[in-house]
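Next come the structures, one after another.
In the two assemblies presented below, chain A is common to both, partnered first by chain B and then by chain C.
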Partner chain A sequence: MHNAAVLSPTANMTGSETYRLSVLRDRLWRAALWFCGFIGFLLPVSIISYLVFEGIHRVSWSFLVDYPKGTPLGTQGGIWPAVEGSLALASIGLLVAFPLALGGGLYLSEYGRSQRFNETVRFLVECLAAVPSIIYGLFGYAFLVVFLKFGISLIAGGLVLALIMFPILLIAIQESLRSIDDAYREMGLSLGVTRFYLIRRVLLRKAWRGIVAGIVLAVGHAVGSAAPVLFTASIYFSKGGLGLDRPVMTLPTHLYNLVSEAISFDQAFGTALVLIAGLLIFNASATLLRRLGGGSAQ
Partner chain B sequence: MIVPMEMTCSYAPEGDHEDPADGPRIFDVRDLSVTFNGRSVLRGVNAMALDRQVLAIVGPSGSGKSTLLRTMNRTLELTLDARVTSGDIHFKGERLYGNGTDPRLVRKRICMVHQKPVAFPMSIGENVLFGVRFHKNWNGRTKDEIIRSCLDRVGLWNEVKDRLSDPASRLSVGQLQRLCIARALANDPEAILMDEPCSALDPVSTARIEELILAMKPQLPIVIVTHNLAQARRISDQSLFLYDGQSLEQDTTERIFTHPKNGRVRDFITGKVG
Partner chain C sequence: MIRHFLAKTLYWSDAAVKKLSFLALGTGVAFLLLMIVFVLRESSLGLGFAMNLFDFLVRQPWAPMATPPSHGIFHAWISTLVVTGLSLGLAIPLGFGIGLFLSEVAPRWVQQVMQPALEVLAGIPAVVYGFFGYVTLVRNFETWFDMPAGECLLIAGLILAVMVLPFVASTAAEAFRGVAQDLREMAYGLGVTQLYVMRRVLFRKALPGLFAAVALGLARALGETLAVLMLAGNTVAVPHSLLDRGQPLTALLTTELGETVVHSDKYQALFASGFILLIVVLGINVMIWTLKHRFLERSHA
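Up next, the complex of A and B:
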């Protein structure tokens, strides 16, 4: 009978040649994807391992808290002024960029009723995020350092870093808010509350994880940028101490100087390791904060 | 092609006809038309809801049931490009779409329970107090008293009294829908609108919500949109049948389900059309 042939156990359990080829193709496809995923693991682990291998012997407490010494300058001593400068620049950048990006993201996501305006702003912000950091450096130098007469200073560098952080933060905040189900808005507003109250009590709590992820990304990107601070804030050597109108040393520019002028590769690897470790610690703290915040918010 | 319909709406604006049932009118929808993106979704709808009664709005999908409900507490205008183009709704004699009417105060007085229950990212207790904190609607009650009385009214108190500080997201969907009703009740509303409140629930949870609606009826007028004709028959006193953005018939539920006057309503109720 026809049905008996179709239901034959041999045909069903072993499969046809075409079927076996499909299974093989599926396995190859899965292996290829696994390899791509593995690259994502291998690359950062390799780079960090290499930096640890080359730089760990340089890193010590005195390396972190001392200022550069030796002849030429930087062959000995530590990197404290650069650590301090990088932290100060990132803090100023975040303090300036975050409120503006939060306001912009909230407006575009929650208040902007003109779709054309929202899309135009979003397009421009995305363009801003794609601008090479050296262009920011040039703009900062021409506008802040020269035109506004800020000079090479902490404030000029901090504002340029704020410019770099702003689009990244705004996109992250807007995306994070947009991903919240509209049911939250409808439900909240149908109880007669204002949009501001809904944002404060519900939407920001729901968007918290995405916002923290945006902060990590923006700070990581800005702190690692050498070019913009090279033009606006950075100085070759400092004994530490901060002032808004004074230039500062930063980790990326110090690293650039140590390598480009062949001062000390040992010190360069130590500096690079501190920079990477700092970013990893910041990232890990933000992830922890996100989990804790997310847990209580849920 | 738009087929001319036999209009047999037994309800007409106040003064023209007697009410189909006794009791003061709470909602009086008069010749209401709504467009969405320029497309007409409600056309000259007339309807009314009586005090301490349940009005069920029934009709096929896309007939404008939820749109009508959302006009009744002015949440419609939260949707971009949705507009009331003509007509008005009177709530206890006040014009909801009159000049100077604050939509937020309308929403505070007429709360809505949605199809999909949503837990705000805060504790169970704080969820109940969400609207109260904004409106400062304490009326001499402490927050614990409000939480207890609202959760008690929806039959959730005994289930959650030991975990009021737990995140509301840990509740089951049925419990969450009752929490949403408690959150609305905490506002001390003068009417409650429900947009298919049981569509996401299992039969047991549905039964509990229906019990709750019947228990709230003596205190509040309730308007419910439902696809479930059996549910409309079980819980409502009045039924309004909407079709293609028009109100075809409103009458007591008993009469509309046993002796509908309109042919389309009859076909829908008998299952000839879906």
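Up next, the complex of A and C:
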């Protein structure tokens, strides 16, 4: 055994040594996977805590509700017009996109009879969800701002965001309706109620958690993205006040301008923290609502 | 009589809801088609353009101010390729590792902590990633590598890797979880190690799902705008190394669109590059769709 030609690293080992080696390799592999998991945990925690640590002393109540001040403009004061603009854009987007997505999701999951048609539409919607947001920005600029002559305005940006939200919402709504047991539908319909009654009184009540999750995802995505509103809705500075035909400031584009024009990194840290904290709080409250809210869990 | 009337109203209101919901669906989907058509229209692509595709993609530089002006996007798609390749090269091994960890190794409570952590990572807006990369990496690169300005393709790729990581990781975890439990049990019953099971059973069975994870990451990375705009340096020179500045396609679009005369040559060139990006991403999406379906069919069989 010991004099045999060495064909492989394990050729001159006894059985128990091979066994020990493979156990060792297995342990190393598991350690490597734990390490991957650890990095996956460390990244978000360290990014968030870095932003909190650097930004927390720059954020105050007056930072939230004040207007940008100083020379150059934005080095002092607050970010209220950006907060206001982001909220208005997201609300318009949601107001337009939600009814469309709800209708679309209901049709696909409850009314549509043709499997082929449903599959095709679902495919198109998933394509729509995958299109990068900068392309929505291009489309919004060419179609809404230039072609329809909306100009760079709240309404143009809101509609672009609606377009971005629509596929996210529709997929969430369709999935949460689809995950409801068919027994509920059969029971309801055999009692002789209409489909609409069934949808209103049974299906939507069972699906609302999934729908809320979809709204959170869509709104979070829309509030955070700067690329689609950069050419359709946003302006460097505004004195506040909203109008559908007027441009607005938004949090992401304000952050981008503060950094790219090197106006003020102090203010940028504050803005980034407000944006992140807003999104996290919004997410957390929706999760809480889903936990505490009435109705049976799926 | 009244009951008959009531039944009729109910029937009609139900039919109306059905029609309305169909209308809503149609409106939403019509916009996808409108978007493709409109971006194509604005780029004025035609037969003449197809002849010039080589000039547009490779030969001409991006020099809109020169006389005569030229609008080639070679530097842009090279930058996009470098940044995307780098980010996927980092995110795929790590993402697959996290996927395996979540589906095979992690105890339940660790999974419950990791899931929201990855969601947070996916939920951070691109502009915040750009800002984060700027204040952490760009400034340090200036001293570490003795660069006059720290922005470069390497930093853009690193940050982009962090951005696509949660998408790759959670899709990979889903793919590994989708492998039937009895296959694992059979393999362990034969007395092989966990490493062996992962390598020879899980990886093979989860392959379509893993491809989908890669494709999803690729589509994300190609279309990412704000972070690469802030970190890659935004110059029109063709990059020669990872520490060079570059201008990915999306950054080119964002930089130039605001100051371009509508329907000028430059405007059309920008929309043509946007259209190319759109087509590539849609192509990737078709690939994901096919993989998913093959995967579903196989797991049902």
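Rule of thumb we're sticking to: the second predicted complex is superposed on the first by the 251 of 298 C-alpha atoms of A that agree within 3 Å, B and C clash if a C-alpha of one lies under 4 Å from a C-alpha of the other, contacts with A are read in each partner's own complex, and residues count from 1 in each chain.
Operating definition for what follows: contacts are C-beta pairs under 8 Å (C-beta built on N, C-alpha and C of every residue); 3 or more make two chains touch, one makes a residue touch a chain.
What you are looking at is a predicted structure, and each value in this text was computed from that prediction instead of being measured.
Under the clash rule set out above, the superposition-derived model of chain A with chain B and chain C shows the two partners fitting side by side.
Once chain A of one complex is fitted onto chain A of the other, the partner contacts of A:185 are limited to chain B, with no touch recorded for chain C.
When the shared chain is aligned, chain C comes close enough to touch A:51, but chain B does not.
With both structures placed on the common chain, the touch criterion links A:212 to neither chain B nor chain C. In the superposition on chain A, the chain among chain B and chain C reaching more residues of chain A is C. Judged by the touch definition given at the top, the superposed model places A:202 against chain B, while chain C stays out of reach.
Of the two partner chains, both chain B and chain C are touched by A:194.
After overlaying the two complexes on the shared chain, residue contacts for A:25 are found with chain C alone; chain B is out of touch. Between chain B and chain C, the shortest distance over C-alpha atoms in the superposed arrangement works out to 8 Å.
Of the residues of chain A, those at positions 194, 197 touch chain B in one of the two structures and chain C in the other.
Those residues of chain A whose C-beta lies close enough to touch chain C in the complex are 22-23, 25-26, 29-30, 32-37, 39-41, 43-45, 47-48, 50-51, 54, 97, 99-104, 106-108, 110-111, 121, 123-128, 130-139, 141-143, 146-147, 163, 166-167, 170, 194-197, 199, 220, 223-227, 230-231, 252-253, 255-256, 259-260, 265, 268-269, 272, 275-276, 279-280, 283. By the touch criterion stated above, chain B contacts chain A in their complex at residues 73, 75, 78, 80, 104-109, 111-112, 114, 116, 118, 120-122, 130-131, 134-135, 167, 169, 180, 183-184, 187. The residues of chain A lying in touch with chain B in their complex are 113, 181, 183-194, 197, 201-202, 205-206, 296-298.
By the touch criterion stated above, chain C contacts chain A in their complex at residues 10-11, 13-14, 17-18, 20-25, 27-29, 31-35, 38-39, 42, 94, 97-98, 100-102, 104-106, 110, 113-114, 117-121, 123-128, 130-132, 134-136, 162, 165-166, 169, 193-196, 198, 219, 222-226, 229-230, 250, 253-254, 257-258, 262, 270-271, 274, 277-278, 281-282, 284-286, 288-289.
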